Each structure stands twice: as structure tokens, then as C-alpha cells.
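Here's the structure we're looking at; comments come further down.
Chain nomenclature is as follows: A, B and C, assigned in order of appearance, with residue numbering initiated at 1 for each chain independently.
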Amino acid sequence: MSRFDAFREAGNPMFNDNQLKLGIFGPNVSNSCSMTLANTSFKPDFETNVKIAKMMEDAGYECIVPVARWRGFGGASNFNGNCMETYTWAAAMAAVTKKIYLFCTSHVPTMHPIVASKMLSTIDEISKGRIGLNTVTGWFPKEMDMFSGKKMEHDKGYEYATEWMEVVLKMWSEQFFDYKGDFFEIKDGWQEPKPSQSPRPVLISAGTSKKGREFSARLTDFNFGYIESMEHAKEWTNHMKKLAWDEFRREINTFTTGFVVCRPTEKEAKEFYDYYVREQGDWEVANIICDMFGIESSSNSIDFLTKARENFIGGWGGWAFVGTPEQVADEMIKISKTGISGTLVSFLDYVEEMPYFNENVLPLLEQAGVRKPVKQEESPEEAERISTELYSPVQV
Amino acid sequence: MSRFDLFKEAGNPMFNDNQLKLGIFGPNVNNSCAMTLAETSFKPNFETNVKIAKMMEAAGYECIVPVARWRGFGGPSNFNGECMETYTWAASIAAVTEKIYLFCTSHLPTIHPIVASKMISTIDGISKGRIGLNTVNGWFPNEMGMFSGKKLEHDKGYEFAAEWLNIVLKMWSEQFFDHKGEFFEIKDGWQEPKPSQSPRPVLINAGSSKAGMNFAAKYVDFHFSFIESMEQAREWTNTMKKLAWEEYKREINTFTTSFVVCRPTEKEAWEYYNYYVREKGDDEVTDIICRLFNIDTASQSADFNKKFRENFIAGWGGYALVGTPEQVADKLINISKSGVSGTLLSFVDYLEEMPYFNQTVLPLLEQAGVRKSMKSSEKSASEQIEAQSLKETSEEAAVLVSSVR
Amino acid sequence: MDKWVLYSKTGNPASDIAKAWLKNNGIPSENYSIFQIKREQIDILADLLPSGAKDLVYPNTFSFSMINPQKKTEKEYIHKIHSGELTEEEIRDILATFPALVISPIITDYKTVLVGYDLEKMVSTFRYVKVKDISMA
């Protein structure tokens, strides 16, 4: 049985029958994915996150991927500055949800792999097997500097991440092992319990460089990336699958991210986009981030630069799902046809905007056959047990 | 206003009116505090921990202190080997409880202070201010060896701890700070949100060496330790308070830990004690632990050794609360009279044994005046909440007024 | 703990951005309208500035009118203040009477003062800022 078959057999949501999987990105950080000063009720706190997660479970979403951030990017919004740490976020979310798959996003240089593996094993038990790991090497210098760690040279970063990941995998699968690498030395490694899920927690990473893609192909289950067009999406997915198979005899999937502005009319959607991106956008922070990514190169046209900035402000550079429910659904169906397994979405105001999306876009995706309607499978006794034993006191 | 006054004013359970505060120790590790192969329904999993926590909230306990462990101690029980990591444990328990104060127990060498401070700030948000920190230097070599970190020389360990904690305190109270010390260099430290609780999360520590006591006196709010007798408990408490005040002009409290075997008759209690300690005790792990603590069995009397070893098996060296509800209550009242602020408890089987303790011993403690009855404290809690919401409303109003002006 | 005060003007983009910056960078501040500023505070702030009260005032009528198109009376004072024909005392009196003349935002702990929104100055000013009293004693 292949690794992917093992995930499927275990009923892992990330490997369910939905051709287009859906999740959200960054509900644990201020502004989530939108670099704007626009008004929103969104707050990166536990109460809001629980509300969002319950809404998602009711609508059948597959996962939530938090953003790991240790400081803001600057600008007046200080984008993503106020945030919940992702391991403790996931542990708390696991305690009050039942179905949705959660990820920890972890800057590998900030944490010892034994600690990370132990935390994930603990969350695995709390969530009954609903935790995965998103590894990040740390590319934001001001953030990593805080840890007095110099940002490692890019390639070295992935060598480090590879060792880090190897230690984690050993902690999850072996007892009494020694490990000696360039970065870690483990004496008599041991851990109990190991994650209960089969075959292990889902691993994802978002590296786009050659080294990053290799890391992903070699060790993870999903490569996350931004898409520029449907052709690009198809190419990227094929490339990743081929790389993983040719080099490492492994399967891999791809997953992308986008931002949603869905309104009854296209005009309303565009107006709102104009408001939060063009009028209220935090261009200062968009500039900081574009500079960091080297987008400011002379080889790019002004149009490209403006669009890139707008996409950053709109939703961290994700795909723009702006329009009527039909238009948004069409874009999503197109993405699904490229071979990508799914997309994370972000909203400026999850609690306000997600219900409309769930009520109007999800049925269209079901009609198109890219998602199945949600089954209410849980027995009433089980629901009663869970709500009385575990969840009743949460005042949210 | 002093630090302790601030904690009291904020309604922190660790500073409430109960003269004898109660908590439990190590519900997140297998065998909790008992080095035994005796049968028990206890499991160090989330479900059991939630059940225990709810039972404690209903009975008015103050806190839970988990044990941080990265591997077992060995022996057939592999005592404390299977366990829940404490930061994620605290985050998840915080999500499903309302009143009880939780601690993260953290081996400082295993985690960067920025990560630790951020995790605690996050749990503070989840729990609405019910998280504290128990710092541990790491004294179990097999465990620390796993991290390829050499165990720091003892005194160096406390220098490291002091620097570590100073960074955490800065992360909780300053923005844009630099730090350059012997062990860490922080460039432009910044964090948001900061813990909401006033003045900050409660800090506890259990160092019993001179360096450890000094560390506790200088930085923490409760010094944890084992007690051997009431005289020793009083002496220890006085020493700590004196040390903290004379050296650092600070207040400090003491807290101890005990194990409970409470049964309707004394005979039943001791029978059960015999069963799990003398018959089913894990001698092998006890040997390992006695060696780790350098307990020189040769130089001590046989009686001392027997008692010492038995106390380890029975409850990690805690104070023995074995007997009828009256006897157990008497001992607890004595502890309280020694000036110690409270005790953690451990049971072989929390779910089975705690209800009896709660029903029979707690009322006796209330009668003796060392704890308030749940009903009255419950009421005052709801009154507090009401008062708090009134306060918030008036603050909001004040903000409105000032912005209108 | 350091207490910071922000004087701002509604509808003034620089004020809004300064307010957002403080909030999002985790620096608690008491927020007041610039119209709440009193002579007492003007004295403290002016004493902190190299050229005194003058430094609190919009540099020319143009920049003033951009932000305060309705304030015709106040506008007349801008030139007078900067021409040097008024004493420091007189300028302070005028500012207390017509706070609209004071540049928005003003960010101060009454030991340092930042006039207008200046990102670089904000960043350097808030080094080591203490935002929470955790009473280490």
C-alpha cells in the first residue's frame, strides 16, 4: 500500500474524495492574509478562531493552516504582528473541534525537533489524529534575527530542515535511536506516545526554489505554492509530481491559496475589493514584502508590479476569487481541473463573509462534482457525549 | 501596590482567600506520581485530563501543575515515559475549562525563551489569564542527553535560567528591545499580544539547592518543595520568605506536594497503601531515581531509607496523606498552619479516588476555615464577574466619553 | 511602564495611520483629540522642542489648509507665528485657543514628543518601550 493509500484508508480529510479540498489560511494572525487598514470584525483570538472552525466543520472544509509569525512586517497595520503561536493554537483548536484537519506551522530554526515532535504527538492525541505539520525555514530576516540566529544561507536552510525533519520522523517511528548529523546529535532518542494517525501526521511545505521543491518532493505530502495562471498551475503540479517520483519514488500533491471577495453582484465585489485593497491597503507593508521577495526587479513591467502588490494586499499573493458566487465557483473548478488538490482561502472578515460563500459557492462546487455534500454522520449519542463531556463549558 | 496585591486584585486563583490552596501534580504523565505497577484506570490522555479538570473545577481546586518529561525513568513502569507535552497540554485544557489555573512546566534548555513566552501569551489568550510557568533546569541526564545538550553545570544552569527568564519577562512587558547576554542575543525583541493577566503569569520553581532557592527568591512567586515534617515545613517557609525579602525585597510563598490514600477506615487506607507501594511498587525505577538524587543509602538509617523510598514510590516523595477523611484533613490543616500556601495532591487513580476525597475531606477543610466552601466562593466568583463586566462597561463608556470630548 | 499619549484629528490620514501603527505595534496609548489639548500640555511639549511652540505648528498656510480647509480664522495665525513677530508666550496662548494649528498627530510621553507621523522617528523612539508593568520587584 502506498503512503497516500494509507492516508486514504485512515480517513484522513486531506485525502478524502473531494477533488477540490478547501481550507483557510492564517486565522491566527492579525489581518489574516489582507494587508489593509480596512474595517473588519476579524480578530486573531481564540474565540474568533473557534467560531470560524465550527462554521468550517459544518460546511465540510478539510483543513486550517495557521501562519507562524514572531513579529509584524511593519507598516501601519504591522501586518500579522498580533498573533497566536501555532502549536498552542492547534492544541486548543483540537480540543474544541471534531472533524477538521489542523496544521502547525513551524519555523524549524526556532525549535528543537524533539520538542516539535512531542508537541505534535500530544496534539495528535488531543485531536484524535487531526494534526499535520507545515515546515517553514524562516525567510523574514527581522523575525529570525530576534532569535539571534543568523538567517541561514538558503541551501543550508534546507539541509538543516531536512535533518530536522528526519529527527522528527524518527521520534514518531523509532525508539532508542541515535542520530548524528551536521546540526543535531540525538542520544538514545525515545518518545511515547507516537502519533496515532496512519501513517503519520500530514506534512506540507511551501518552498518554491529548486531546493525548496526538492525538500517538498523528498519529505512532504503537499507542496504549497502560488499560481499565476491555470497553465502555470498545471505545469507546477506536473513538475512536482514528476520530481517526487523520478527522484524519490514518492507521490506528492499540490495545494494553493487564494482570497475571496464574493458578493451577489460583480460590481459589489469589485467595489469592496477597491475599498480594502486600493483605498485602505497598507502599501507600506506591501512594499516591504515585495522588496523582500525581490519583486521590485527592473525586468518586471509596471502593470505586473501593481498587480503583484494588489495581490499581496488582497490576500498574501494568493489567487483572486473576486466576483459573484458563479464567478468564484468557476475559478475554483478551473483550479481543480489543473490537477491541484485544493486551495486555502482567506477572507478579510471570516465571520462576516464566510457564511455567504458557504451558502452560495459550496453548492455550486457540489453541483460541478468537485466536492461532495456534507454528510451528518455522527450519531446523536456521540454528539451528546462530546458536547457534555468536553465542550460544554467553553463560553464562546 | 505590591506584586502579590496585584495578583489578588486581579482575582488570580493562586492568590485567593483560601488559606490552603489545592492542586494536583502530573496528570499528564503515565503513573502520575506513583512509581507502581498497581492497577489503575488512570491514563495520561486528554480525555482523562479533561474529566479530572472538570471534577476539580466543580470542587473549587486552585491549580494543575503538569510534569515535563521527555522520556521515562526506566524500570518496568518506565515511570512518566508516556506523557503529554506541557505547553500543548495547557493550551488544550485551557480551551475546555473556565476557572482553574494551569501551569506549563518547561525545561528551559529545550526551548527558546521567545518561543516559550509566545506560547504562554497564546495560552493566556485562550484561558483568559489562567496560565503560569514552572521553570525546570533539567536534572535527568538521560532526558537532557537526548537533546545533545550537555547538562549545564548546576550553578551555570541557574545563570542560564535567570537569563532565559529575563528575556521572557521582557517579551511580556517591552517592545523593541535588544538583549545581549552570555547565552542569548535578541535583536529588536517584540511580541503581541502580551499576557492579559495582571501583573503577569504566575511563576513557580522547585529548586532546592542554594542556587535554586536564590533563583526562586529572586524571580518567582511560589517555591515548591517536599516537606518531611511540620517543623521543617515552617522552617523552610520562613527561610524562603526571609531570603526573598532580605536579598531581593520581594514576597514569596511556598507550596508543597502530597499523595493521597483516603478511605473510610484507616485499615483500608493502609491496606491499599501496602498494595500499591509495598507489593506493586516499581523498585527498579525507585533505585534509578534514588541514584539520580545521590541518595547515599549507605550513610542513612534503614528506616530513613525505607521511608524515603516508599515516599518516592507512593507519590514522588510527597507528603503522605494516608488515612480516614478526618486524618487526611488534619494533616492538611497542619500543613496550612506551617505557613505553606497549599499543596498539590496526587492519586493513583484520580477518577476513582478524587470524588471520595472531594466529598469527605474538602468539607472538613471548610469547617476548619482553611478553605471557603464552594457555594460561597462560587457566588463571589459570579459577583466578581458581574462587577468586572460592570467595570468594563464603565470603561468603555469612559473611552467613548473621552473620544467624544 | 511608559505612558504614551496620542493627540489626533478625526479624518486626518496621518493621525489614523499613527493610531493604527501604535495599536498594531503593541504600544498602548491614551488617545485624545487635538482639540482637547490644554495650555499646560502645550507648555510641556513646546519646552521639549528645539524652537519651542513654533515646532508644533503647521509650517505654512498651504499645509494647514490641506488638512483644515474650513478653519479660516486659524489660518491667519500661521504666517504670524512663523514670521517671528510673536513672543513664545503669545504663540502658546494662541495654540491653547486654536488647537487646530497644532500639527496632527502628536505622540508624546511628555518626555519626548513626535510631531506628525514620521515612521523612522517612531521606530527609533519606541526602542525598549515598556508597555506592561510586570512588577519584577
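Everything below uses one rule, namely that a residue touches a chain if its C-beta (ideal position, glycine included) is under 8 Å from a C-beta of that chain, and two chains touch if they have at least 3 such contacts.
All of these numbers come straight from a predicted model, not from anything done at the bench.
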{"item": "Of all other chains, the one whose Cα centre sits farthest from subunit B", "value": "C"}
{"item": "A-C or A-B - the one linked by more C-beta pairs in contact", "value": "A-B"}
{"item": "Separation of subunit B from subunit C, taking each centre as the mean of its C-alpha atoms, in whole Å", "value": "49"}
{"item": "Centre distance in Å when subunit A and subunit B are each reduced to the mean of their C-alpha atoms", "value": "35"}
{"item": "Intercentroid distance (Cα basis), subunit C paired with subunit A, Å", "value": "43"}
{"item": "In subunit C, residues with contacts to at least two other chains", "value": "24-26"}
{"item": "Per-residue overlap in subunit B, given as positions that touch at least 2 other chains", "value": "190-193"}
{"item": "Where subunit A touches two or more other chains, by residue", "value": "30, 72, 78, 81-82"}
{"item": "Subunit B to subunit C touching residues, read off their complex", "value": "2-3, 6, 169, 172-178, 190-194, 199-200, 219, 248-250, 402-403, 405"}
{"item": "Subunit B-touching residues of subunit C, taken from the complex the two chains share", "value": "1, 24-27, 30-33, 36, 123, 126-137"}
{"item": "Subunit A - residues contacting subunit C, complex", "value": "30, 37, 72, 75-78, 81-82, 284"}
{"item": "For the subunit B and subunit A complex, residues of the former touching the latter", "value": "45-47, 50-51, 54, 57, 70-72, 78, 81-85, 87-98, 110-112, 114-115, 118-119, 121-123, 125-126, 142, 145-148, 184-193"}
{"item": "In the complex, subunit C residues that touch subunit A", "value": "16-18, 20-21, 24-26, 119"}
